[in-house]
Amino acid sequence: MKAIMETEDVRYRYPGIGEEALSGLSMQIPEGRKVAICGANGCGKSTLFLHAIGILRPTSGRVKWRGQPVGYDRASLGALRRRVGLVFQDPEHQLILNTPREDISYGLRNLGLAEAEIRERADRIVEKMGLADLAGLPTHHLSLGQKKRVALAGVLALKPELLLLDEATAYLDRRSERALLAELDDACRRGVTVAMATHDMNVAYSWADWVLVMDKGRCAMAGPPHEVFSREEEIQALGLELPLLYEVWKAMPEELRAGFESPRSLEAFKEALNPV
Amino acid sequence: MKFAPQSRRTRKIASTLSLIAGFALYLTLNAPREAYAMHIMEGFLPASWAAFWWIAFLPFFALGLRSIARIARETPELKLMLGVAGAFTFVLSALKIPSVTGSSSHPTGTGLGSVMFGPLPMSVLGSIVLLFQAVLLAHGGITTLGANAFSMAVCGPIVGWFAYRWLQRATGRQKLAIFAAAALADLTTYVVTSLQLALAFPAEHGGVAASLAKFGGIFAVTQIPLAISEGLLTVLIWNWLQAH
Amino acid sequence: MIRLIDTLSHGNRLSSASPLWKCGFAAAMIVLAYASHPAVQAAIALWMAAWTVVYARVPARIYLAMLGSGCLFFVASLPALAVDFRHGALALSESGLHTAARLFVRAACCLSAMLFLILTTPMLRLFQVLQKLRAPQLLLELMLVTYRFLFLLLDTARMMHTAQRARGGHGGFKSRIADTAALAARLFDRTMHRYRGLSHGLASRGFAGDIRLAPYEPAALPLRYRLEIALGGALLLGFEIMLRIGGYE
Amino acid sequence: MKAIMETEDVRYRYPGIGEEALSGLSMQIPEGRKVAICGANGCGKSTLFLHAIGILRPTSGRVKWRGQPVGYDRASLGALRRRVGLVFQDPEHQLILNTPREDISYGLRNLGLAEAEIRERADRIVEKMGLADLAGLPTHHLSLGQKKRVALAGVLALKPELLLLDEATAYLDRRSERALLAELDDACRRGVTVAMATHDMNVAYSWADWVLVMDKGRCAMAGPPHEVFSREEEIQALGLELPLLYEVWKAMPEELRAGFESPRSLEAFKEALNPV
């Protein structure tokens, strides 16, 4: 397992606040995976992301990109931010320009591309993500789910190698959530490493193939979903809930479960119960 | 003080040189933080001048408060809107904008506010912002609040507003009017503050006029480029707001 | 910085002490500073610093940083005070330097009294003092709303700024001005959105035209502190009177 | 079934927007129940709530309180808003004073109560909801979950007869969600009718005892949870998802399910599978 990004004993304290937001965080984001970073509100997920794009700088410890420590001069930061795309929790903070198309072009323009190429790349991503109908509408006419998709499109247009998402599915209804997750799966298939912070364990369980659990600014657990969630007591001790599907499966009579790994989606669950 | 002509001359040259060096050093070190530094600090003005500026400021403040109260009686929500607008003005003044000289400064936002809300309500919002800057940031002060509010919350907005109205009517070019409103509001604040300082600390030789030249000269280094930047910024903000 | 002061004002050892006492104390010291000799001013400055750092336990490092940044204005004006045009050349002015030195002591003294007040007293308590001093109700309401949304909008602005930087914004002069303008316009949009939300939210809670604060709640200042204020004040006054009788200038 | 509040063919269009937000909404909120109002983002839930407290006025149709049409003069609105408490999705909209205790007192002060009674009632609710540690902190130091609890406390302090909540559980981690739902159960036990808008069908299913489904500004379905969710195809046609627990239960072999109603909580589920 090769880490695309890792932190080594990173500590960070926001000025004026007593507690450390990150208190010795050491974790790795494995390349090419779909990673869920779980934890309760305030566990340090957002602070970690701001470190990952070099907006915050650790008080002590190191952040590494593909094994190399991140540099904080202007050129290194520029290069880092071209490789790491960050989608913020609240799209209102991220969508600055008036229409989806303009907003998607924003990052491309900052790369210093020619106008023709900017237009071409923006059009392509608008097309690909099915935003064509929305592309010219004023941003404030979009629904939350649409805004989140546009924010994602603006970041994907820059072709990052690592995509970070902060609470991507929060506040979304199930249909928008599915559309978004499908988009992420697609990005992952094209070779982008995707890491999503979430406190929704059901999403983490069914979507991710690698799970990191954070607690009080540290990495408490890491591993594939089955492995992490089988450590039930530890999860609960951290104040987190087990995924519903996992709990339901464990509650089933032994003989029905025999021979199956705990299913991660409703479809897999049904299949396990009604083998064809 | 008596020295031989020779030594007096060397001394003068030496002191002039050291002064220039001191200026250069001080400007490179402090320039980026000066927009806030335009607020006269606590305890800086002599008591009589501090009181004078408070007295000069209060009538405008009372008028502003009255004009708000009159509308708020009909629509109480206006209070909420102006309160939120005050917070917006504060945040605007906390943004760092690049100055044309390469350093960065904080805009005052009074030109924009004056065009949007009118100069009298802006005198109230501006003084609230100044009070919060004094209490939450330790920039400016309470004894000097009268002087600071007079220059930033009264004179700046009034000049900005009239500049906007006049240019809008005379030329019909809105962008120019907005630029002038923001830049002149900024410049007015700077000129009035310099005047306040000059009146309080007249030079030994040349009196108020010489002192005004000195204070004005020092603050010009940051305030004139800032006024241009703020003018440009405000035009861009205006364009955005119009597009929405 | 702003969050720092706000947090300290809530978390220090004197935060629950009577705000009226603290305001009165700081005001009295500023008045005394204006009326007294530099030696007395220096004593006041040290005494107020002791209250803030020792009694209220505000970290000394932060206190000094704030004192320093507060004095920036003085540093900026120093050349104008200390230099004179004479016979067409610049020269250090003896009397100007003297004025500057006197001014520095007074300003530092007043600043330290102000810092004592703002670092130990939560904003809400200051509002209540203003209310007790019969500040106009309308002014208080405007200040309340402003204060309530200050931090929210600052956070929003910071997030927007971060998001712009994450996407490669704020590069050169032009891009920084344009990005700042876009941010400000968007922030204005959010501000008006907040206003609409707030007016609905308050209407649902029975807002009928005014926002009333709780009346001023008297709070205690421990006897030990009251004694120190009385004793210290008397000492400083005595000191000042001695200096005046002695004809010291 | 007596309706505490109902709407009759209510239509409403926001100025400047083409589509109607409410397009002939007729629905009833039964008295004394725990009602979930379900629907995708943008189905008109929030608009309905603003009608319920008379902030918006229907273009056509009527809103009724205990069978009487709502009046829009100042006195009637004041009386209505004393009876109907609304907790907004974003707590920032309704918190105005700077500490929880002050803020809770705000609504009481609007009622014109004496200071002593205000203090007494505020203290009681602070105590009851376990907010004592937070009561003196500035609002901007609180977490989102805490702000939501304070907003709820501020509304409960006014002792409404009908409590409306807009997406009360969104953005909350599971622990805060549980604390909030427990609070609502408690209010309901004291005789308050509670209606919560949510797009989380799992929450709706496990918490509510009456479900309304909204779609495009109309009421599409209404009834007890079992009844509503058994109309699976209709639910799915509206783009909504069935509750996970319900789906899992339906997927179970027939013989295991026999004799049980579909369980609405994990505990009930486990019990049904492992009868003591």
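Brief remarks follow.
Here the chain labels run A, B, C and D in written order, and each chain numbers its own residues starting at 1.
The rule is simple: a contact is a pair of C-beta atoms (placed from the backbone, for glycine too) under 8 Å apart; a residue touches a chain by one contact, two chains touch by 3 or more.
To keep track of the chains, here are their UniProt names: A, D = ABC transporter ATP-binding protein; C = Cobalt ECF transporter T component CbiQ.
This is a predicted model, so every value here is computed, not measured.
Between A-B and B-C, more C-beta contact pairs join the chains of B-C.
Note: centroid distance subunit C to subunit D, computed from Cα atoms, is 43 Å.
Subunit B and subunit C have Cα centroids separated by 18 Å.
Centre-to-centre separation between subunit A and subunit C, using Cα means, comes to 41 Å. Contact with two or more other chains is made by residues 244 of subunit B.
Residue positions of subunit C touching 2 or more other chains, listed in rising order: 6-7, 123, 144-145, 147-148, 152, 182-183, 186, 189, 194, 198, 202, 207-208, 211. Screening every pair of chains for touch gives A-B, A-C, A-D, B-C, C-D. Residues 40-42, 141, 143-145, 167, 170-176, 199, 201-202, 239-241, 244-245, 247-248, 251-253, 256, 266, 269-270, 273-274 of subunit A are the ones that touch subunit D when the two sit in their complex.
Residues 1-2, 5-6, 30, 33-34, 66, 69-81, 83-86, 89-96, 99, 103, 106-111, 113-115, 118, 123, 126, 136, 138-139, 141-150, 152-154, 157, 173, 176-178, 180-189, 191-192, 194-195, 198-199, 202, 207-211 of subunit C are the ones that touch subunit B when the two sit in their complex.
If you check the complex, the residues on subunit D that touch subunit C are 50, 53, 55, 78, 81-82, 85-86, 88, 90, 92-99, 102, 105-107, 109-111, 115, 137-141, 154-155, 158.
For subunit B in complex with subunit A, the touching residues are 243-244. Of all residues in subunit A, only 98, 138 touch subunit B in the complex they form.
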